[in-house]
Structures are given as structure tokens and as C-alpha cells.
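Lettered A, B and C in written order, each chain numbered from 1.
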Amino acid sequence: MIRVESLTKVFRRPHAFSGPFGALRTLVTRRYDERVAVDGVSFEIPEGEIVGYLGPNGAGKSTTVKMLTGILTPTSGRIEVDGRVPWRDREANARAVGVVFGQRSQLWWDLPLIDSLRLVGDLYDVPAARFTGSLRRMCDLLGLDDFLDTPVRQLSLGQRMRGDLAAAMLYDPPILYLDEPTVGLDVLAKQAVREFIVDTNRAGRTTVVLTTHDLADVEALCRRIILIDKGRVLYDGGIDDLVTAYAPPRRLVVELADGETRTFEIAGGTSVPELIAQVAAEHAIRDLSIEEPDLESVIKQIYAESMR
Amino acid sequence: MAEIARTLRLYWRLQRASMRGALQYRLNTVIGIATGVAYQGSGFAFVWVVMHTFPSLAGWSLKEVAFLYGLRLTAHAFYVLPFSSLFGLEFLVREGELDRVLLRPLNPLVQIIARRLGVGQLGDLLAGLVLLVIAAPPLSPAMIAFCLAAVVGGALVEASFALVLASMSLRTLNGFALWTFVDDLFSRFGSYPMSVFGGATQWVLTFVLPVAFVAYVPASVLLDKTGALNVPALVAYGSPLLGVALFALAYQVWRHQLRHYQSAGN
Amino acid sequence: MIRPLAGMARIGLRFQLAYRSDVIMTVLALIAQVFLLRMVWTAVYGGSGQARGLTLDALLAYLSLANLQAFATTPVIPRIAHFRIRTGMVFFDLSRPTGYLSQMAAFQVGHTFGGLLMLAPAVPVVLLVGTITPTAQPLGYVATLSLGYVISVMMSLLICVIGFWTLETGAISLLYRLVSHFFAGTMVPLSFFPGALGVLAEALPFKYMGYVPAAVYVGHLSGGQVGRAVAVEVAWIAALAALLWAVWRRAHRRVVINGG
């Protein structure tokens, strides 16, 4: 469905001058500042998969997504989305993808939600009959009926996000890009968003690319993740494999009598009871627990290694 | 053809949606229109007061200057009404809204100008039409057609400068201040017989920044004053075409800047 | 009492200087305006040496001065006040130990100084275009102009306070600027205003921001007329102070009770 081959994006912009004639100098200068945002990224996503595309801020996530959606043209490398080159065929590509930005709504701020959805239907040339069916399905899946007639500016963040998801899926695109879809939402709203993603993925075999900082989203939705940092792919594979492959040590967390907390790594082959006995001999212990490695600590470790 | 029909239909739907949104702030709209009338009214009041004492301005009577004034205001309104949202382009770029525009299957410029109808500018239109109707000389049907073409042409002349300067913000350059100034020059100098400014200034306002072609040249045709122009009468009769040509050129600049945005990002 | 006001004035000054490119364009627009007025007036004067007691040279000097004055004293506080009311920041202003109106006035004064600094490069150009020569009545000019400036600040304050009711001052302050500039005589000296319009312009206080000082400068108003103008200005200031005080008391109560 999506194929990316040694994709590279170099931002090259005229050096910005300051001062009273800065704008003019910037206009005519030959000095350029270069920054490699995406550096030889390759991956393939088959139809119907949900992939988590993860990385710290500035890793090149959104630059990649912008190239996948045709907003940006790549410096080199190849992209194919549903058989098209997005930047060359921007409008056709636009019809094949739904995009949700958690931070920014695509809905019309002053109008009732239903009006926004109608406009989206118009923009994507959804025939009236199909629109009615689609709308019904969205209302059922996302529970929109209660606030269809409310102006978007009066919606809660969770309601607005549900509206945005509906707008992105109204025209049944085979591909859905989600950028931080749960940011700022409460637990229940997050749950609703995740369920909707799972449902659309199952029912319509929609391919989903999810970028997020919320690893709970990833654990709930994705079996595969692509980790990038500084524009390069650090890891591409299953979540389970990731945790086993990197398997950071389990840790013994001890709360001492004076309230201090200490952490001891349990190196491979260590006997846990022995370690506890050893610690208890040296300190007065009030409480203790053993931390299993989770996705977050694995990812932290990978980033830390790539920093070196 | 079907593509054009679709574009127009979607333009209308988007524009209607933004109007419905704006009309919720009814008081703002009314005040906006009133301000437009007052703004243009005070500009014309200057002419009226001056010509109360001096009956002729470079050979033009008060009524003739009023017609020229009305023609320019109407053309200006026909440019601002649809294109006022270009004023917000810088904001759209900064907030990433332009990305959303590029994600939709419709001409980006059409989406941008459909974001807002300059309802506040209805005041300009109102003031312009009133002056035009009151001060119009008796016109033959052909001249009425020329008058309509002149309004559209004049609007396009202003629109092309706006489009070129606005598209500078796709390059993260601040064209806005320059645009305010150019817009100001059009408004300030466009409503007077150019011969007032004499030689060099008139030449600049005709051939460098074609302020003269927005209203002065076509008004000279309509008032049968082409003899005093610094362009041949034939050019004066063809003046509405200048707007079309300039706008076509400006659209190419816009397209080029948009491609640059897509390769340079923001 | 003085320290916080000086701070407010400094912010106003910086506010003016912050938007440099905008200011450069405004200065260019000012030069364009003076140039336009010169061209139009020269054209209408034609050969005639004098009209309404003004020679063309005196008129051009008058117009340049009046426009410089109007530009430098452009009211900014209605915009600022509106923004602070809408965002609720007005409560910080109200909680300070110095009065709200004094703070706003200080801001405006700082802004005017910024405007004067910005204006510096334009002044020679404008003076050249307007062919201004030294005045014979420097004292009268400074007196009428300073009192006129006080009137202008008080009028701006009045617009600010109105913002507590309308919650929308953008259009109102633009409208105010248009009306005040027109009746201040920045494009046409008041002596050219015909009939009722002339009577109205003479009665309104806007003329003290443009027409009166500029006319004193070029000698169009002189002798006893200057003294009378100063007296009327003082009367206007007293009346506006009373009005401001009354309106402000109601506005303040309204904010405290309704919470903006």
C-alpha cells in the first residue's frame, strides 16, 4: 500500500539575515543553511496494517508524513502510495488519504459539526446516497448524534476529535494518517478514539499510520512500529520482538526506611532473592517492587544508544 | 469544463459556509460595513470640500472626479470582496493551515480565497456604486459593457499585485508590509486624474505601478477625455485586458511560490 | 506613582518600535500622503495666489505639519485596551496600585515618543515636500499643540473606556481615527469647509489636534486668536476630565461586578 525507498529530505533555505534590510538580503543571498530532516528512510506498509511511526520531537516524523501526503516533495528517494506518487499527483492522492492532526482541527470553527461534514462530503465528491450511509456509520461508531448541530467551537476536545475522525473517514479513504490523535484527551475519549481506529481498520481494511508520543496508543493499536531519530530508521518490526531484542534488565526498586528510593539493575543470571537479601543487609527497607521492562524504557534505551 | 464547474460550485459552497460563520458576529459585520462607507466617504469628502472652493481639478469637474472615484472604489471592492483572505496567508502558513489546504482535492488558491468573503468591504462597494450611479454620464450600451469590463479589469490589476506580494509569505518573507503600502498607493492615488501628478509621477503610476489603469484610463474613455492621456486611445480602450494579463502572470508566480513551499517546507 | 507609569510608557515605546517594517511602511505612506496633498492642492490652486487667506506655500506647510502631528499622535490604546479586556489581562491592569486610566495614558505617551523616533527620518522629507520655514509664533505653536495632545489622549481614553461596554473597539477606533483626522483638517484646512460642515468642524475638539496648532505655525491664526484657542483648549480638557471620570466610574463598577 505504501512503499518508501531511501527517502531523503534536505531543507535548504537562504540564510536569514537580520537588520533593517534583512528581508531584502535574504531574498538575494546565495548563502544557504542546510538541514537533513529525513535521511534515507525505507519501509513498506502492506494494506490493512496499523503502524506506529515513532520518534522524539524533530526526528523527521512529520516531514515523512508530509511527503507521504504530497504536501512536501522529497529531495531524493521514492514514494508510492496506493500506486501513486503523492507529490506528483497531489489531488488524486488527497482523495485516497484521510489525515487527522490532534493539534489542529479541519472542521469549520463557527459552524455546526454537520455542516463541516457536509462540506467535506462536497470537497471529496461523495455522492448524496453514499454520504448518508457514511454519515450514519460514523454517527453510530463515534456517537456523534448528540452534538451534530453544535458549533464546533463549543465542542469539548474529545467531541471535536471524534468529529475530525469522522471528517477524515467520510469518503472511505484506504489510508489514514493520524498525528497525535489522542493528545490532551481524557481516558474515556482516548478509549473511544482507539476503538474507532481498530474498527475502521478491521471493517474497511484501512491502512493506518499513527504518529504519537503516547505509547499506550501504540501498545493498544499497533503490532508493528517504525522508530526513527535524526531522520534515520532505528528499528522497524514487531513490538514484541523489540522488547525481547533489546530486553533491558528488570529493576529492583527499594524504598528505604528514611523515605529514599533506590533502584538496582537485575543483571542477567542474578538471583533475585539473593539481591534482595544483600540490599536488606545494608539498608533498612520499608517496601520493594520489581519493574518489568516496558515499551517506554525500551524506546528510551534505543534513543539513548543512538545519541552516542 | 466539468472541472471548472466543480471548482466554482465548491468555491460557492465554501464561501457560503464562511459567510454563515461570519454572520454570527452580526454587530461586527454591520460596524465593518459602516466603517467602509465612512472610510471611503471621508476620502471623497476631501475631494468634495476642495472642489467646493475650486471648481476644476486638472480640467475635471466635481461630477467627473466623483465618477472616477466611484469607478475605482467599485473595482477595489470587486478585488477585496473575494481576495481579502489573502491578507491572512502569512497566518495560514505559520499555523500550518496551508498544509490542510494542500491535503484537499481542490485548487489551493480557490480554497484560500474561499475562506472569507470580505463582508466588511461591502461598505466600499456601496460607496462606490452610489458615486458611480450618481455621477455617471449618459452611456451607450457598448460603453456600459466597457464600464463593467473596466471594473473587472481594474479589480484584477489590484488582485495580481496582492497575489504576488501575498505569495511572498510562502517563502517566509514578509511581503505584508510592502503589500499594505502598495495597496495604499492604489487607494490614495488611483482616484485622481493622473495629470494632477505631472510628468514623472504620472509615468510611474502608469507604467511601473499601473494605478492609472484601475480607473483613470477607463474613466477617461467613458468621459471622452482620452485626448489628455499619456497612452494612445487604442490602449485606453483595451485597458480592461491589462488586468487579465497581469493576473495570469501573477497566478504563475503564485504557482511557482507554492511549488517552492512544497520543496522548502516551513 | 511615577515608576509604574514610566514602565508603562516604556512598554508603549517598545510596542511602537517592535513593528519596524510596519512603521517603515507607515512612514512611506505618510510621505506619499503629503506628496499627494501637495500635488492635488497645487493643481487646484493653479495660478491663483491666495485662497481663504492662505497662500499655496503656507497651505502646503500647514498640511505637512498637520499630517506629521496626526501620525505621531495616532491613538493606539483603544486597540491595546480592547485586547486586554477580551483576554482578561485587564485585571492585571486594574490590580496595579496606579489608576487604569493613568496607565493607559502613559502607554499612549510612550507610543507617541516611539512614533516621533520613527518619524525622525521622514521629517526632513516631509518638510522638504511641504516647504516649511521657521514659525513666527513658536510659543503659541507649542502651547496649542501640547494642549491639543492632551485632548487627543483624553479622547482616546474615552474610546478605551467605551470598550468595556461594546467589547469591540477595532472598528470603533478606526472610525474614530477617520473622523478625527478629517475634522482635524489633515487634508483640508478648516477654513475651506463649506457651510454646516464648517460650523461642525469648528465646534468639535478634533481641530486642536491638527488644524489649530498647524494654522498657528504658518500664521493663519495669530494674536488674540491664539490666546482664545488656548483658553478653549483648557476648557475642553476640564470638560473631558469630568466626563472621563464619570464614565470610568460606571465602567469600573461594571467590570468589577460582571467580571468583564
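Here is the rule we use: contacts are C-beta pairs under 8 Å (C-beta built on N, C-alpha and C of every residue); 3 or more make two chains touch, one makes a residue touch a chain.
The structure presented is a predicted model; accordingly, all values stated were derived computationally and were not measured.
In terms of Cα centroid distance from the overall Cα mean, chain B ranks first.
The most distant chain from chain C is A, comparing centres defined as mean Cα coordinates. Here the CA centre of chain B is 30 Å from the CA centre of chain C. With centres defined as mean CA coordinates, chain C is found 54 Å away from chain A. A separation of 44 Å divides the Cα centre of chain A from that of chain B. Annotation for chain A: residues 23 touch two or more other chains.
Each of residues 174 in chain B touches at least two other chains. Among the residues of chain C, those touching two or more other chains are numbered 21, 24. Residues of chain B that touch chain A in their complex: 6, 9-10, 13-14, 17-18, 20-22, 24, 95-97, 99-100, 102-106, 172-174, 259, 262-265.
Within the complex, the chain A residues that touch chain B are 9, 11-13, 23, 26-27, 37, 63, 66, 69-73, 75, 87, 90-92, 94-95, 97, 99, 101, 104, 106, 108-111, 115, 119, 122-125, 151. Residues of chain B touching chain C in their complex: 27-28, 31-32, 34-35, 38-39, 42, 45-46, 49-54, 56-58, 174, 177-178, 180-181, 184-185, 188-189, 192, 196-198, 201. Against chain B, in their complex, chain C makes its touches with residues 21-22, 24-25, 28-29, 32-33, 36, 39-41, 43-46, 51-52, 168, 171-172, 174-175, 178-179, 181-182, 187-188, 192-194, 197.
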